[in-house]
Amino acid sequence: MQPDLLPGHIAASILLQLRTTSPLVHCMTNDVVQSFTANVLLAIGAAPAMVIEAQEAAQFSPVAHALLINIGTLTAERRHAMLAAIHAANESSTPWVLDPVAVGGLAFRTQFAHEVLALKPAVIRGNASEILALASGHSGGRGVDSIDDALSALPAAQALAQRVGTIVVVTGERDYITDGENSWSVAGGGVLMTRVVGTGCALSAVVAACCSLPGSKLDNVAAACQFMKIAGQQAISESRGPGSFIPAFLDALYGLHVEALA
Amino acid sequence: MQPDLLPGHIAASILLQLRTTSPLVHCMTNDVVQSFTANVLLAIGAAPAMVIEAQEAAQFSPVAHALLINIGTLTAERRHAMLAAIHAANESSTPWVLDPVAVGGLAFRTQFAHEVLALKPAVIRGNASEILALASGHSGGRGVDSIDDALSALPAAQALAQRVGTIVVVTGERDYITDGENSWSVAGGGVLMTRVVGTGCALSAVVAACCSLPGSKLDNVAAACQFMKIAGQQAISESRGPGSFIPAFLDALYGLHVEALA
Amino acid sequence: MQPDLLPGHIAASILLQLRTTSPLVHCMTNDVVQSFTANVLLAIGAAPAMVIEAQEAAQFSPVAHALLINIGTLTAERRHAMLAAIHAANESSTPWVLDPVAVGGLAFRTQFAHEVLALKPAVIRGNASEILALASGHSGGRGVDSIDDALSALPAAQALAQRVGTIVVVTGERDYITDGENSWSVAGGGVLMTRVVGTGCALSAVVAACCSLPGSKLDNVAAACQFMKIAGQQAISESRGPGSFIPAFLDALYGLHVEALA
């Protein structure tokens, strides 16, 4: 059974809440997408802060509204700081999001991703290959590409969500958002979004911002996916390639209308 | 008493000098804004170089015309390299600029920022919360946002400038530049500049470039603020959101006319 | 004797092959240009992956089609990881490219660049100052600027290519590509490309992508230079400054026509 599409009026009210509260997102993300991630959060109305030193990260995540852990350029030092931040987040009930970039293929990050599953991320966001690797231990795609279809990973995502007690997002041509029992799907975007580095990583940051909001966490996370799909689709229609897509995408996030969503 | 506006003809002659000499700025800045900072310096006519290994940083800062120290993503290793660079800069009379990102809120960077005050930065550039925290030890804003008004921080900035023997820049809707006795203010820009990551950090880099020029350091630093305000205002008038602002801002810096300033 | 211009039909067939195979490039590059490098590779049709932890880097480079080593922000830790990746690449016959940013001026990176010459890079890509410094041990330019003309460095490039058994690319107003015996030259681009950070670094990544293709390595590397020169020239004609150049350049790379090259 295919999940239902997220209704627009739910996304609209969540966008309103996001803009009203401007959640502060503690981003511990990879070196490649730092600036784009910060600009995406600012454009949509959230507030980014990249704090990476272990002691500071542990001090900061309880102050933030959400914590993002992205393992794209994990190092031994970063691993240490991320664990400190996650533990501090958990002690202060700050929700945290795991983006398990390229998990399955590389031993160091794969071990780390499995280790932090026990620390109960509020949300896990990955492509089909990554979610399949995380759910089953089978080996993932090459780098950050997915060689699997998002829908084909939905059963694994549901099982993972139930086992860990979390929400799992599988992104692709269509995104699937599940807590293991209930699921939403989100359409939109386009293939040009895969020709720009960091759209997936930035989505994980927006997911973090949204999962700090009150209300249904499943709805909030699906709305985050919806915002990015809508802005992506609009930007694609206005751009000539991946270069002009980037400014158009940030402008579209900034200009997202609550009314248009509803 | 409100400070006077920086006269345009002063800014014009400083821009001319900046473009003629193209000062080499050794940037030790945070991970998020590296690329934007380099592009801002290149656009306005200066030359950036990001050298971060401790041994190399100490070797490089005496060769550069100015050194920028930005603590946004301070780590233990980076702290060590920054200290090496500052000491080498001081021994060779290379001016250095401190951008105390989010000082006050986080212990590790706050301790570092206070420690390096004794090493006599030529300029300190921060928002009101940061300058208040640095001047008084009171606790700062959340992340890089300022919850305080720039003008309200001017007395603290003046006191800090006199105590340290430096120039202090408080940025906000209007920027204030003071050496403790004399002050300039600079208007312009707009709120969209706060929706793009790194405009403040990049200003600190331009401040570093300008404070290496001959003439009045106070005028040079105020001119740096002026360049960014003018380019920001022009870019805002030509952009639809934060995405299109970024290229428009770099183009505006590149196209700044000496005549138009005067 | 001046080298011949690379014929367009050679570049055209190499572009076709690049787009068909989408080589996976393991980028170990400097902190400043990560995002731009990834976006350039994606725009032209290759696949970037930035893996930097030593253990992972050694595991990943044999899986990738090519490895890029750029020493722009070398640190002790990064040096260690790069050596692990290079050794693993050599054992699996993965070609690797050296971008010796600012070699000659700074002791730590200069020692490293000379050390890895013995590990036989498939290609070395630098500006005239860097190639002269690497070939002769004389001291290089200031930062990443070149104070020397590309053609003046061609004899040194040829000698270096023969000594190391590699291909050497000297970039400037015109690029020269040599294996010590045969050489190509590539014209195009424009001075605005030097006002944007990372165009040279991104070229080295495209060189890595192309040198993994079958056929003449010299032709493949020259074609990489050609792609960037053509896209740069087109982007310059469509932009008002370095800000609008960046999206226009990525769009131009994305839209490069095989037919137009031929």
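Chains: A, B and C, in written order; residue numbering restarts at 1 for each.
One rule holds in what follows: a contact is a pair of C-beta atoms (placed from the backbone, for glycine too) under 8 Å apart; a residue touches a chain by one contact, two chains touch by 3 or more.
In this text the structure is predicted, and so the values were computed from the model without any measurement.
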item: Interface residue identity across copies chain B, chain C - same or different by half; value: different
item: Rotation in the CA alignment of chain A with chain C, degrees, nearest 5; value: 120
item: Interchain centroid distance [CA atoms averaged], chain B/chain C, Å; value: 33
item: Contacts with 2+ other chains: residues of chain B; value: 31, 34-35, 77, 246-247
item: Parts of chain C lying in touch with chain A, wherever the complex brings them together; value: 24, 31, 34-35, 38-39, 42-43, 47-53, 55-56, 59-60, 63, 77, 246-255
item: Footprint of chain B on chain C - complex, ascending; value: 30-36, 72-77, 102, 105-109, 142-145, 194-198, 239-244, 246-247
